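Note that chain A is present in both complexes that follow, paired respectively with chain B and with chain C.
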Partner chain A sequence: MTSTNPVLRQQVKRVYKELLYMGREYPQGYDFFKTRLHKAFISQQHLSDEEEIKKRLQRADFVRKEIEALYYLKKYRSMRHRYDAF
Partner chain B sequence: MSGLRILVPVKRVIDYAVKPRVNRTQTAVETSSVKHSMNPFDELSIEEAVRLRERKIPVESITAISAGPPKAQDILRTAMAMGADKGIHVAVDEQDALEPLGVAKLLAKVVQGEKSNLVILGKQSIDDDAGQTGQMLAGLLGWAQATQASKVSVEGDSVTVVREVDGGVETLRAALPMVVTTDLRLNEPRYASLPNIMKAKKKPLEKKKLADYGLELGARLKTVRVTEPPPRKGGVKVDDVDGMIGKLKELGAL
Partner chain C sequence: MFRTTLPRLARHLVYSAPRYQAPIARPIARSSLFQSTRITPTSTAFQAARCYSASAGLSHEEVQGRIMDLLKNFDKVQDVSKLNGESHFHNDLGLDSLDTVEVVMAIEEEFSIEIPDKEADAIHSIKQAVDYILAQPDAH
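Take a look at the complex of A and B:
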């Protein structure tokens, strides 16, 4: 598997690290997040087609944005619940 | 106009998702080995400062400041990752944390030092919930203030703030310099991502002490006792309508 594009390889590692970092605040705990994230990445290990990898990278980015939105909403909702009269 | 020099004070508080526990001596809330993060209302103020810059309004600098234990520097890093240009950390021990008036006095000095002309604060912190600092700061500086802002727009020297009040909104317009405090619906704070946190480590962080500002702030308030709220009492089941009416009369609701 060493034949893969080193640029893509680096991108995959970067998004993995970023997601791991975000996982520290995951509501169900870091361990829950970490095992699932690892499983998701390792299950795509066999990919060698560059186009296919790029598609998965986009998906990873989508997931990253989804988690950001989840954190924001969770915080906003609990703040509204605590500080707004209704 | 030479551009906005924005000062954003941030506070390190117990994370909003953590349930605070009162310590055994009933003097304070347990803070050791509890997750801390930036006060959510301060995230809103950082975000607003950054958005002002992104709206092509001439923003010369965005300075984040925090007074607290060394770990407050992590919060300043987060602020810089979100877009502040530099941070100032004023070292204050955890046991003699500043009161709102003390913070306001400190900020007034910092405003002079940094030549800020706009201070954006969170309306309150989620730990003390005093909601006083912004107002006191405006009073000390003699500046205009707009609290609980839900929309801020800057045109030249005048700032228009829409604020949420009971039963509607109020629009205020004032000239710079000015103090603004943020409400929950002002904006959606961005996430401080890992690459941005890394970049923020290169941004300047000044370390100061209270003595550097010529301040000697003792405690003016005394905490008598801290207790948990009483647990909610369970309701009662009534057998029929008459029973319910009887109960309501008993409680004085009818």
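Take a look at the complex of A and C:
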């Protein structure tokens, strides 16, 4: 996280912000999500290699997409439940 | 004929007249009969109304107070006693850079503006946040 490259630093912050916005609707609650997210980011604090950071950024983006998919799945399930009522 | 038109006219007048009407825009057809039912606007009522396009005109104290309240309720602030107008997020309040992102997000919501990443990066203390908000004309 403490990279000397300001562009990467900004990217990390942006993805963190995006993830925070995504986490608002998290099933287990925003606070649960927030603390876990913070822990996950802070655990990578020691990274200084740019390539390595870029790899983690890609992973963060992947997680963001996963959460989005989770929300779509949740929506799909609740819609289906309402129509089929099983 | 007069008997039927009068109530109709009265109804029409009451419904068509906006509640707070500028004196210039009053309808010309005025009768002493309706004067008692009409709400006469006072000058203070006009002062209270403002255009929504106008800037909110936030004062320095108000902005600072709102940001401080926001930080007071932020659970990661360790030492509330160190909270003042000059507090630095990292040095005084013990927030890391990720917490700062959260604080900036909260400030964005409080004042209903969007802070671009570059400017958000430069905000490290309450004073900087207050100055930034005051520089934004669309902050509320």
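Keep this in mind: the second predicted complex is superposed on the first by the 80 of 86 C-alpha atoms of A that agree within 3 Å, B and C clash if a C-alpha of one lies under 4 Å from a C-alpha of the other, contacts with A are read in each partner's own complex, and residues count from 1 in each chain.
By our rule, contacts are C-beta pairs under 8 Å (C-beta built on N, C-alpha and C of every residue); 3 or more make two chains touch, one makes a residue touch a chain.
Note that the structure is a prediction, hence the values are computed from the model and not measured.
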Which superposed partner A:Ser78 touches (first chain B, second chain C, both, neither): first
Partner chain(s) touched by A:Ile42 [first = chain B, second = chain C, both, neither]: second
Contacts of A:Glu68 with chain B and chain C, given as first, second, both or neither: first
Contacts of A:Lys13 with chain B and chain C, given as first, second, both or neither: second
Greater residue coverage of chain A in the superposed arrangement, chain B or chain C: B
Set intersection of chain A contacts, chain C complex versus chain B complex: 14, 17, 21
Complex interface listing, chain A residues touching chain B: 14, 17-18, 21-22, 27, 68, 71-72, 74-76, 78-80, 82-84
Interfacial residue positions of chain A with respect to chain C in the complex: 1, 6, 9-10, 13-14, 16-17, 20-21, 34, 38, 41-42
Contact footprint of chain A on chain C as seen in their complex: 96-99, 101-102, 105, 117-118, 120-121
Interfacial residue positions of chain B with respect to chain A in the complex: 16-17, 40, 126, 184, 188-191, 193-195
